[in-house]
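Several structures are given next for inspection.
Both complexes below contain chain A, partnered by chain B and then by chain C.
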Partner chain A sequence: MADNVIIEAPMPGVFYRRPDPEEPVFAEEGDDVDAGDKVALIGVMKSFHDVTVDTDGVVTEFLVDNESEVEAGDALLTVAPS
Partner chain B sequence: MLRIKEGGLSTTVQDTGRFGNYHIGMPPSGAVDQYAHRIANFLVGNEADAATLEMTYSGPTLEFEEDALIAVCGADMSPSLDGEAVSTWTAIGVDAGQSLEFQFATEGARAYLAVAGGVDVEQVMESRATYTLIGIGGYEGRTLEAGDELPVGEPAADAQEGATVDDDVVPDYGSEDTIRVVMGLCDYRLTDEGRDVLLGTQWKISDEADRVGYRLDADVDIQDLFEEREQPFGAGTDPTNVVDLGYPIGSIQMAGQPIVLMRDAVTGGGYATVGTVVSPDRGTLAQGRSHETVTFESVSVDEALTIRESWNDQLDALREELLG
Partner chain C sequence: MFEKVLIANRGEIAIRIIQACRELGVTPVAIYSDTDENAKHVRLADEAYNVGGSVARKSYLDGETIIDTAERADAGAIHPGYGFLAENADFARAVEESECTWVGPPSDIMEQFGEKTQARNLMAETGVPIVPGTTDSIESADAVREFGDEHGFPVAIKAAGGGGGRGMRVVERDDDIDSEFEEARQEAEAYFSNPDVYVERFLDDPKHIEVQVLADEHGNVRHLGERDCSTQRRQQKLIEETPSPALDDEQRAALCETARQGVAEAGYVNAGTVEFLYQDGEYYFIEVNARIQVEHTVSEAVTGIDIVKWQLRIAAGEELDFDQSAVEPRDAAIEFRINAEDPSEGFEPMPGTIESYRPPRGIGIRVDDGVDEGDDIAPFYDSMFGKFVVTGQTREEAIERSKRALDETTIEGVPTTIPFHQQVLGDEQFRRAEHSTTYVEEQLDLE
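Moving on to the complex of A and B:
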């Protein structure tokens, strides 16, 4: 198995793990994901950027809390490619 | 024709703005960084009022149906044509069929893409600027999405590939954090200490800063900055409320937190506006990224006029140099 891939924030903003406060999270640690799957959002300037994975694999760890502030370049989560 | 393959985070058609309708509640809209917008236009032989694409944090991916001459100015988003990096603040020739792509902005928040001939969407009230809050202007009054097709106007005959500007024309977005303001209209409502706090605080640009308003955060209770008084008839009960007045563009509205009103903002209301950002510095502020800090510096009206005059002179000189 390849090394964990770190997904970084491309822009500053607020990190969201849910599409809406009432909705379930996009992904839990341990979930299988496919390349292109949306796993989080970054909200900035009242717009939302989709955080997607670029390989098939398993989400190993979320490194920041839901609704916390992030800076461009911050590590958000790790994915173990399958 | 420009074909949008991906819209980016928030990309709109903008120009110098929709003027003369403020009295009916219509803000000007238009490029929030007029400096980068105008220079991008001059580089490709356009006049200042040609429409460009304003791209926020992450640019779109787009394909050119015909040969074109383009320039990208403003925030650094590392543009590339068919995978090859291209220079910014420079006129670049594009062949029909090529795709232009951007990375995420590393410095600054907004970049402008000018195309020789301008983005030729239909005018609404004499402007091509997009005002998304009510859905007018630009392309269907909204941010761009995959599948949109934007017409391009007729380029000026003598526009030249390779036209560029000196390095000192290019701002260093990361380093500029002083925003100059003329105090007023309602700064009489602040205590002396409140005024010192407003001007002495490092304000953090919030995640909700956008084309409507730049919301600023700090550990300051805004009500404490105001003189106590019995509120006059017609004003709200909060000490930051006044009898409704017109809001100058760039004014600092004290609505629970300072909000600098930008080019898509409401044109009047009942919050005290305690200062107005001088026009060139609105562009500087618009390049401020969420979580960066800014400080306000008070200048007189005469100083503000001089600042605006030298900004205009610099742009006139660049226009003269590039358009002849």
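Moving on to the complex of A and C:
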């Protein structure tokens, strides 16, 4: 099995695991994901950018807390490619 | 007057309110989120209280905690600024029911003006012109033609059950109106589960002109002239100026008096803005902003009247001490919003640290800002961190002075809207004041 892939923040901003505070999270640890799936958002002031995975696999770990501030390049989560 | 006022906001508007408090001998109380612990508005206040986490929902939008904090701090009033809870009538009501006074219009008035169709009807009843439209839904494409022939094309076919422009179709005389009508009905059904549509005149090249008003609890209502906010992008204003270069003195007097009378008859209290669209010599009411606005500064610059201090005085029950005839705007003023956004990248917002900051100085310059050099611009809130207001004896002088002011400004660490402003100031369409709300998005070639 290949090594875990690290998904990094594409830009500085706020890490959101939900589309909206009332909505469920995009993905939980242990969820199967397909390449291109949206697993989080980075919010920068009033604009939002998708965080997507670039490989099929399983989400192994979220490395930053929901709604916390991140810098560009920060490791956000890991995915084990299938 | 209150001894203490809690300011339920952050950034430049919190600082603007702190300044008004100082001049009135009122003790300003700040609130802050985790990320704002060392923010400029906290540094400038006498007291500051943490109200929660960095995301606005957990702090600046947490009305219950804010009211508890105000009571704990023994504040006599809460000033909401703009944004966050400023237009939340439920929050205003909760403040009214607390030990604190709400610095703003009464919550029931806010409710009336917050609901757009109700606000439109309310103003129409007082004789304020609204965009011509059918109040009832229409049954056929012929009704669209009849309306357009009477009021002019283009017209907008809108969903009765909807809002925000969704499902709206703009139709010209030569379009296939039969199919447009049918498609509008189908879209209305798809979006809002209601096929009913109505028709309204569509203004394709409007200017945005708004009137500042102040009203006290004793029935005195004054206007402080108008502002032209046509330089905007996606409903976000970028440059605001007064007087509006689109109006002559007669039109200006009529527009301002119409707005003044409208809010007077509606029983409005405190500061507010009546917004209009203006095209082909006609103006139409859009909405009332029942709060202080970002661009109140240009009205202050030309009238000398401190709108924020009056908000506090009115909330304390004081009476406006000047007549309408004493409001004599002079000179021209232009406000430039300084946002941490990159105009060359579609105005993409960008947080960061202000590595160096040298705002403009000298004759005719007012700077309202929420940061000093070395401060961070957090990704949690709005990208606007400053406003430069430039005054000149004429619009031409204000424009030339603005170019000078922006040229001597240094801001490093984040991109800003300054290059956009510099381009606009050199653009003939803006200089000739031939720009409408479509200018930035459709006519200006962004560099």
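Some points to look at:
Definition applied: the second predicted complex is superposed on the first by the 82 of 82 C-alpha atoms of A that agree within 3 Å, B and C clash if a C-alpha of one lies under 4 Å from a C-alpha of the other, contacts with A are read in each partner's own complex, and residues count from 1 in each chain.
Operating definition for what follows: a residue touches a chain if its C-beta (ideal position, glycine included) is under 8 Å from a C-beta of that chain, and two chains touch if they have at least 3 such contacts.
Please read all numbers here as calculations on a predicted model, not as lab measurements.
Once the two complexes are overlaid on the shared chain, A:Ser47 sits against chain B and chain C alike. Legend: residue contacts after superposition of the two complexes on their common chain; A:Glu67 is shown touching chain C, with no touch to chain B. Contacts of A:Arg18 after superposition: neither chain B nor chain C is touched.
Within chain A, the residues touched by chain B in the first complex and by chain C in the second are 11-14, 43-47, 69. Contact residues of chain A toward chain C in the complex are 11-14, 21, 43-47, 67-69.
By the touch criterion given at the top, residues 35, 53-55, 57-58, 340, 348-352, 378-383 of chain C touch chain A in their complex. Listing the residues of chain A that touch chain B in their complex gives 10-14, 43-47, 49, 69, 71-72. Across the complex, chain B meets chain A through its residues 9-10, 56-58, 104-106, 109, 143, 207-211, 289-291.
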